[in-house]
Amino acid sequence: MSALPDPAPPPVASLRGVAKSFGAVRALRGADLDLYAGEVHALVGENGAGKSTLIKVLAGLHRPDAGTVALDGEPVAFADTAAAMAAGIAVIYQEPALFGDLTVAENLFIGRQPKGRFGLIDRAAMRRDAAALFARLGVPLDPDRPAKGLSIADQQLVEIAKALSRHARVLVMDEPTAALSGVEVERLFGVVRALREDGAAVLFISHRFDEVEALCQRVTVMRDGAHVSTDLLADVTVDRLVRRMVGRDLGAMFPKQEVEPGEVVLEVEGVTREGRCRDVSFTVRAGEIVALAGLVGAGRSEVVQAVFGIEPRDAGRVRVGGRELPQGNPRAAIRAGVALVPEDRRQQGLLLDLSVMRNATVTRQRSLARFGFLTGGAERRAARDWSARLNVKYGRLTDAAGTLSGGNQQKVVLAKWLATDPKVLIVDEPTRGIDVGTKAEVHRLLSGLAADGVAVLMVSSELLEVLGMADRVLVMREGRIAGELDRAEATEESVMFLATGREAAA
Amino acid sequence: MNRRRLTLLTAPILALVLASCSGTTQGEDQGGGPGGDASADPNAEFETGLTYAMLPKSVNNPYFEASSAGAEAAANTLGGEFEYTGPSDASASSQVSYIDTLSQQATDVLLLSANDPNALCSSLEQARAGGTVVVTFDSDVDPGCRDLFVSQVDSDEVGLTLLEMAAEQIDATGEIAILSATANATNQNAWIDVMEAELASNPSYADMKLVDVVYGDDEDEKSFSETQGLLQAHPDLKAIISPTTVGIAAAARYLSGTEFKGQVALTGLGTPNQMREFVQDGTVTEFALWDPTALGELAAYTGAAAASGIITGAEGEVFTAGELGEFTVGADAVVTLGPPTRFNAENIDDFDF
Amino acid sequence: MTAVEARSDSATATGSAVLDLVLRFRALGLVLALAVLVGVTASLNPRFLSGQSVRDLLFAAAVTLLLACGMTVVVLTRGIDLSVGSVLGLSAYVTGSALSATGMAVPLALLLGLAVGAVCGALNGAIIHFGRVPPLVATLGTLYVLRGVVYFAAGGSRINASDLPRAFLDFGSGHVLGVPYLFAVSVLVLAAVGVFLGRYRAGRDLYALGSNPEAARLAGVPAGRRLMTAYVLSGALAGLGGVLYAARFGTVDASAGYGIELDVVAAVVVGGVAIFGGSGTALGAGLGALLLTVIDNALPVLRIDQFWQQAIVGALILAAIALDRLVSVRAARALRRKGSHVD
Amino acid sequence: MTDTAKTGPRLREAARTLATWDAAIIAVTAGFLIVASVSVEHFGTARNAGYIVLDLAPILLLALTMTLIVTTGEIDLSVASTVGLTGAAMGAMWNGGMALEAIMPLAVLLGAALGAVNGLFVTGFGLPSLAVTIGTLALYRGLAYVVLGDTAVADWPRPFTGWTLGRIGESAVPNVLVPLVLLAVICGVLLHATPVGRSIYAAGANPVAASYAGIAVGRLKFWLYVASGAMAGLVGVLWTLRYSSARADNAAGLELTVIAVVLLGGVSIFGGKGALPGVLAAVVLLVSVQNALRLAHVSTEALTVVTGSLLIVAVLAPNALVALRTALRRRRPTANGRTA
């Protein structure tokens, strides 16, 4: 099972010294990876280590600035994704990208639908093929329904089926299991093993070491856009892998300060949004960091959005400092001292095209105005001040926020919220996609804020972060709070157990 | 917050506009009027070296192209300079800009077919104040705003001719309808009034009944579907009179492609080039129009006469318009080209406009 | 496994039922509106349903219908083509001139019109795709430019019916089995575009592009080529529309097709094509065009003041998009509820 | 449809080019005015400047609020129809014997109400503004015809019509310049130096992020539509009085000109970018080019082509520049790679 295939043939796919920058952001700086036929290769690394960029290079989505991509030992340069697909590379992306208006079957076969007479699409054949694929995955999905309205798990399954249908030589899976239930994961693994037996090369990206151990033969660790190590899985321990991923002492990474929690500041009672979350209740005290953990799609972001008022709630109450927040009114929440650093920095957090200055001050326009007018001076001073306090690295205050690196972008988002002097700070995936150094800075910042008496509610998919930072962990599953763990009880196993409702995969 | 800003936005403007006036309602006002001061010298020569500008309702219109040809010929004969200019859309606001430009350039004679009887007035006044003689043709403005109007025909005569042609074609018996231009078109409404009065008073038309007046807005497609609507609404319709070139062409095209061809008579005002086909295929027996080239020519001569001091616009003054002959200024400073020409299968090939 | 299959079957039923309802509801609504309008009009004036009257209606609908097909293709990709009126004018003038100069055969004239339109469409597509200019801006620009070109070319001249070959005019006014040739051409095009959009890979790619451009890129959909196809198609159909226009009216001047783009967009929107792409059918757009034409024709017959016509069209557009919104919100809610059951 | 992979560098480039676009259009306008004054007879006179001001007044006024709306990423195609409908309503009220002093504020209010209808459909029901305002474009124009039919109301009192054409005292400054400047300054300050303006940019740059930052995006847009409607109502009043003619087809088709100048002025159709000075310059440029062409006896056709081309080039040029720079930069690393 774990024996390596004969190393004599050249790797099916090989990346050497690949570098890629987006503006000021160096996403990859010399990444190496070899994939052999008949292996499942794990790629691990923290968020922002460059894994996703690496596979996008392999998929032909990004052209590398430097380095080579080779298939069967021959260097190739993919002009676009179609070229990569034609060469036998299929990718399941982390975030499902479906066509809401098309049927599920059509989503699977877009651009290569089976053709019948006169080149017409043979819809019956397409439906049949789709049904067969879903049967293979054991998924009860209707090929004829529109993709619009599918749950995240179902969307992910459609993506998996799509990749499988390509009969690829190289199958890349970017956290395919993040939203799946236990049964579905088992079936997927069965299919992947079968593919491996057939000689396909599979690149498997996951945060769950139990899955990596169950499925993979070799493991490559990446950090800060570069290759760190590649080993047979049998030769390394999880602890060592984690240390390589983090690249520094865990204590320095999660500088948790012990704080005696104060008064209850945030009270959430029975918050419900149809189809998203149900009857969620919890409290957060001053000086406390409470983590909201769970799988992707478990409803964590939906809860904090409903608390903040971005999305209306169907039922439930939110109180801050004893005062009830009106429904669906972020402005009132801000006035009451709530701040939300959202999950998706680019879509929800930043005005990418606008300047750093505008971004840093967007929450405080009114308080910065004099007699209702803003002339720029006050904004400039405030922006410079907060940028300095959070150590934001930027060229000019007038540069577009989109030109900053991920870490600095996140600092700008934090700055604009900290500038409102919040009593309750909600952070949703606060360190997603930022480099290790900044990550530690953000953790230190959160810790310091808690020490100053701010109530912090943190949504995070990164278990290490949850375990390292939280005083209490609330675990969500399918829209409900499945359980609460205090710092002492919270371990990787106990959190995952609550999150998935199953024991760690064998 | 925002509400306050809105008021901020609008209040001062309103205040400005409102300032200095109070309680002005319809019918209170009016001042100004034509002031004929200079006296005419009927024996004066036409001046040479005058600049003429023709401003049609819109360029890209064959009818006005024909008028401009006539005017240009007259201008050349009189030793003047001629310019044909105008907007590509038939709107009063664009014409205003052109009038402003022409008056700046101190054009001597402005030949204008107006898109709106009132909207052009203030600009025309400025032009006239600068010494430009304003002669309207084809479509008039308020008489106070121009020097002379060259009318294609006498309203009465058009109305009577139209009615006469229709009566001849249907033996003066049965239902008739009118497909006009726009509902507020001055010319058409005057002709329709004449026809209505004549139908009511003239015993020889006692068996003819005007059942409907519809408006095709001088748009081809609209006129087309209005014709169609007429025939559906009035199954016993015998004749359609369309006193507009766009209307009659559209109606003819509609009739020629239907079972009504030859059954429902169609007459009105049309250009020979547009109607030739329908006269030849029997859809239309006879229609009428004035000659737009002659109209343009007369307009140019009228303008030249006024600019040379031969006429001032007072009723009864006489001048000679080249080969067109002698013309007399009528009431309201109107010069009339003459009776409309009738076109039918016999003579239509003699005309090309 | 059997349990799974059973579930799958029931899911099939509900899933497609919802989808069908949404789709059919749209077309049904239009057909219903058409039927009511025609019914009411005919009951007040039976001649509205006479052969002649129906033919007139089909004549009037032909050009809008044709242009609506092209517009649908473009709108599906999240685009818009405001230049169709000017393209129509240019093509009508060019073919008209060519016809009067050479007396060429009808099919040749149709091809010429298609070609003129396709060139204009390619210009639009190139500006949008290579120049990365938003479609609204690009086609607003070409609306001006192409109209200017027509003005230059035509000036104050007009092509009269007498200048055009007899065969061409017969084509314009003739009909077969009570159906005007012009309408037949439009319906053929509608069917072809319908099949292209529904049953060909390239057509489905257009839906994909409009539904989720980013996903389309990931899926390897050749966005550039498809966009070019869409705009060339829209242009070509507008060009063909120009020939039909010339044939129907017999006279062509520089203002041919002026302002028609709004009618066409209205038809498409009323026909249920989402203005932000991804959903809608050529059939729907065709029905939308037909409905607008019927309204146009019914008003004079009903002796309703014609001044109401434009207001009614406006109200109809608002009603159509509001209705679509309502339906899609309902459908989304239904699908989500169903989705959570499957979990 | 944008290429997210290259968003970073492209955004920066685009931001920089757009910043200069403003300056460029102002420079071009200034240059044109100078050249035309020298080379076109009658162009550089005070009288002609007065005509230019009169001609650009309605375009400029509508462009002011249009700039605000387009900056939030929306569009209002119904402005010209609103001008027509308010004018028609004025005519009907005047015929009904009301006092003009009462009619004028009512017309502006009517405009605001029509704008509120747009705003309600766009923000309340969440419908795309392009489709909504195409609908109201037809609806409002249609209602104008319903109100006034094809008739024109022309007997407006002299003092009022005279004011719209008149000049301040003995100077050559047209009266209408006063509200123009006033409103331009108000809108300019609102957009560039108040929290509301900052919110407008934020809402246009990223409506989701803006609402996360506590900006009531829907409400903001609603009130901008109301303002746009009120402005159109005001233009309806000015238009009617200037031409002393209330007609249902007043200002027909003007919406395209207004959109054209806003885009030409460097405002991004996707929102979040642009500035009022550029738009003002674009209005002046367009109208004075028209004016100069007329004075120079150049045919109007040329103008149609020029307007359209300018519009495309205005958006195309920055993009082309970006593409060129990216292409150049892409070549560089490859060269480095070879030497390394």
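All chains are identified by letter, namely A, B, C and D, in their written order; residue positions are counted from 1 within each chain.
Going forward, a residue touches a chain if its C-beta (ideal position, glycine included) is under 8 Å from a C-beta of that chain, and two chains touch if they have at least 3 such contacts.
Labels paired with UniProt names: A = Monosaccharide ABC transporter ATP-binding protein, CUT2 family; B = Monosaccharide ABC transporter substrate-binding protein, CUT2 family; C = Autoinducer 2 import system permease protein LsrC; D = Autoinducer 2 import system permease protein LsrD.
This structure is a prediction, so every number in the text was calculated from the model and none was measured.
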In terms of C-beta pairs in contact, which of B-C and C-D ranks higher?
C-D
Reference subunit D; chain at largest CA-centroid distance
A
Give, as an integer number of Å, the spacing between the C-alpha centres of subunit C and subunit B.
38
On a C-alpha centroid basis, what's the spacing between subunit C and subunit D, in Å?
29
For subunit A and subunit D, let me know how many angstrom lie between their CA-based centres, rounded off.
42
Please list all residues of subunit C that touch 2 or more other chains.
151, 214
For subunit D, which residues are shared contacts with two or more other chains?
149-150, 253, 299-301, 304
Subunit B: positions in contact with at least two other chains
59, 88, 215
Set of all touching chain pairs, with the criterion as stated earlier:
A-C, A-D, B-C, B-D, C-D
Going by the contact rule at the top, pick out the subunit D residues touching subunit A in the complex.
5-9, 11-12, 14-15, 189, 193-195, 197-199, 201-202, 205-206, 208-216, 272-273, 333, 337
Which of the residues in subunit B end up touching subunit D in this complex?
1-3, 5-6, 8-10, 12-14, 16-18, 20-32, 59, 83, 85-89, 91-93, 96-98, 100-101, 104-105, 116-119, 121-122, 142, 182-184, 215, 217
Can you list the subunit D residues touching subunit B in their complex?
41-42, 45, 47-48, 51, 55, 94-95, 97-101, 104-105, 108, 112, 149-152, 154-155, 157-163, 165, 178-179, 182-183, 186-187, 190, 196, 219-220, 223, 226-227, 230-231, 234, 237, 239, 243-245, 247, 249-253, 290-291, 294-295, 297, 299-301, 304
Subunit A residues touching subunit D in their complex are 22-25, 56, 61-62, 65-66, 308, 310, 330-331, 333-334, 340, 342, 347-354, 358, 361-363, 365-366, 369, 372-376, 399-400, 402-403, 416
In the complex formed with subunit C, which residues of subunit B make contact?
59-62, 64-65, 88, 214-215, 220-222, 224-226, 228-233, 235, 249, 253-254, 256-260, 273-274, 276-277
